[in-house]
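These notes concern the structure reproduced below.
In order of appearance the chains are A, B and C, and numbering begins at 1 in each one.
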Amino acid sequence: MSKFLLLAFRNVFRNRRRTVMTLLMVAGGVAALLLAGGYFARMTHGLRENTIRNGLGHIQIFSAEHFKRDEVRVLDTGIDNWRQVAATVRSAEHVRGVAPRIEFYGMVSNGQKSSVFMGSAVDPDAERSLGFETYLASGHDLDAQRTGDAEALIGTGLAKSMNVKVGDGLTLLAVTSDGALNGVDVQIAGIVETGVADLDARYLRIPLDAGQRLLQSDRVTNLVVGLDATANTDRVYDELTPRLNNGFGGMSQQMEMKKWIDLATYYKQVRNMFDGIFLFMGIIVFFMVLMSSINTLLMSMFERTREIGTMLAMGTPQAWIVGLFMTEAALLGLLGAAIGVAGGNLLGTVLNALNLRLPPPPGIAVSIPFYVLHVPGIMIGASILVIVSLVLASILPAIRASRLRITEALAHV
Amino acid sequence: MSKVDRFLRWYLILFAAGLLLTCALVCRAATPNAEALLKQSDRFRNGWLSYVVHVKITDYEADRPDEEHLYEVSQKGTDKTYVEFMSPREKGEHLLMLGDDMWVYLPDTSRPVRITPLERLSGDASNGDVARTNYAADYSAVYLRTEKAGAVECNVLELTAKRKGATYHRILYWIRVEDARPVRAEFYLTSGKHIKSATFDEYGLVGGQMLLRRLTLYDEILHNSHSVLEYSGATQRALPDKLFYQGRADRF
Amino acid sequence: MNELVTAEAVSRSFPLDHSQVRALDDASLRVSPGEFLAIAGPSGSGKTTLLNLIGCIDKPTSGRIVFDGEETAKLTAAQTTALRREKIGFVFQTFNLIPVFTASENVEYPLLLQGVSASQRRKRVAAALESVGLSSRATHRPDLLSGGERQRVAVARAIVHRPALVLADEPTANLDTQNATQLIDLMRELNRNLGLTFIFSTHDQRLLEHTPRIVRLCDGRIVSDTHSAAALGRETQTKGELHEQVFAARLS
């Protein structure tokens, strides 16, 4: 059998020029998939880590009620005994920290003009310990220990509309957890640029205790859990689930946990989009390789008509002829894929070193660096794709070859 | 022609002319002056140029009483209103209307928050329902028709907002034919949406003036709530301008 | 003596436009094992067709071929393939070697088809190449060999698996006269030494001089089938003649 493999291998190189063309095409397709896939992988990976580090965290804990209905009053679906829950969660392995959050909205006024804000009240130290960064255009992050007016971070759009800078004061107005109006003065500690214009126009962040005073409540909307590595998400989730089910130490309020992937709708949309594009590209490469290969394989079959006739005359089973052709195609695919993988990786490394930048996509303010990841899965996948495509392309010529009428084949030029 | 004939002809002509003239006069006089009627109707809600009145607002959710709020409204002219929140939980808060602008002042804060008249004050009552009751200042009126509202013969006026501080874009206003007393109203937004209706339920003699004692506002969007505003203690009072000071909250 | 292969009134027609062409018409032939015979005739006389039928790479339109006691028409495709694999060796006018294989690899091919072990293959290939005098060219690819050498490799390939029958269709047509005669002599030698039956076709009269049996075709029909006593030589006497000679010797 190895002799037949040898025969297939040598046959591949019979027509040098044609083989090189086919190899280049196959390698090109594989390399293109590698680069595109590597770029998408980098984007989704970057987006994933960004999303998590932007404050989504790895796991979030809510009250079960939160998902069953909307708030009637602020924090009426909040977590009651959050400190106890946080303490229990913190004790689990791989947990880096737990950050309490209150999500609320209200009006902010500079005395002349009011604007709506969508805000959060956070524990600045907890947020920092989990590595959650806020992108400050000016000023500094919140300082929880402060006398006097509470500090606040506002978005660039909001700062502009309120015509304030760092150090100025604003008044917040919100409806409390019992439906009354309440207000608090804050001092601008920093101005945040999220990169998304719509968010910047409404962004507000104050310390947790200020939020609780404003809203007259001890509760929090959710607890954000940060882990030491994203890969541990499932493990920690599974470990915390039984604890959650018996109320984190006997609390009556029903809780629910969500993994980051369940909450990262934007990330999922982006990832699905990239996956879709990549799949589409893969289909294109597959069919291109298939269509162009059928022709070249048919040609080489015709050229070997007499030879095939001889082999059949000598008693070669038809199946062996089919196998020979399909093996040749597979070898071609393998070789092309190997060249493509090597070439694609090399090209990727070179492109990475060049530190290119691409113009910003819609909704984002900064340009994106062009960087590709080397993903073994894509290398293997793309290789298999082209090999299968070639083998499929060879089926028709192979069967035709095996069914040649010996007398006619022998009489062929 | 004989003298009798000439006399009769002249008499006929004069008679016809006189009839026409009388008709014209009568007809013109029969079309009511909408603007005047509107001004007249405002007197039932604003008894004096400068006065104070207490308002109790009871909010009903699906016909069950839900919450109660108390306010003291001080009004000077048609452009200055000061509303003090009297409920124990809202102590220290007040609302200020100056011309087209409105602010809410919260205790322990150093600056007011700008609000709009359409925003909710309590239940189905908007800020404007309590602070902007001089419709003649805010709306231009057009007479539509006369019809019965219940058992009462009313003039129906169409009010359209004529300044940006007006609470609603359009109001359909039923006022009694005999004295322009408000009977009911329908309130419409800029989009044309019928957002609220009001019935002016009770009137009483206070300090020599016939004034509105009870008003009910009905939500026309979800149809499951209404608010009852009860007016009491209306007195004429001279109010100083510094009451309507817009600046920082620590004003006195 | 059992016949190796028999052709019984075989005809082969090919469709041409709307009619048929009779390439072979009612041909009958009996070949015994160990024979060395030529099929002669001008081009178009049906030589290739007859060889194809005998070699089981074509089927007759009428009549039958019996190979080694089996009627070929009754064999399945797989059985026919197996028959050719084991019992027949082919030599072609255009050599038909696999260009990417070396001489010894080409010769090895029939053994590969039969699944012979590597060591056995090596031995037999070496022996076959030696018997055609090309041991020195074992590692050469066909493009490095002369025409005569290529055909000898083909012959080696045709005999390496010791088939019962070797068929050669115009094996010398692409060789010069010297190589041609040498080839026929080589085949004759192999026929004598290895006892393999050889049937070859040719239109060249000169090659027929030392051929013991000649079957002549003309327009698809066998016109003569002669055993040439002169060409037989000392070694290939028929049984009858030998008897005569001994008897004659005894008599004298």
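One rule holds for everything that comes next: a contact is a pair of C-beta atoms (placed from the backbone, for glycine too) under 8 Å apart; a residue touches a chain by one contact, two chains touch by 3 or more.
Computed from a predicted model, the values in this text were never measured in an experiment.
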Identity of the chain that, by mean CA position, is farthest from chain C: B
Innermost chain, where centres are averages of C-alpha coordinates: A
Between chain A and chain B, centroid-to-centroid distance (C-alpha), Å: 59
Distance from the mean Cα position of chain C to that of chain B, given in whole angstrom: 122
Rounded Å distance between chain A and chain C, as computed from the means of their C-alpha atoms: 71
Where chain C touches two or more other chains, by residue: none
Residues of chain B defined as touching chain A within the complex: 67, 89-90, 93, 104, 106-115, 248
Interfacial residue positions of chain A with respect to chain B in the complex: 107-114, 169-171, 173, 178-185
Partner chain C, residues of chain A touching it in the complex: 3-4, 7, 10-11, 14, 306-307, 309-318, 406-407, 410
Residue ranges of chain C in contact with chain A within the complex: 52, 55, 57-58, 78, 81-86, 88, 90, 92, 94, 96, 98-101, 105, 108-110, 112-113
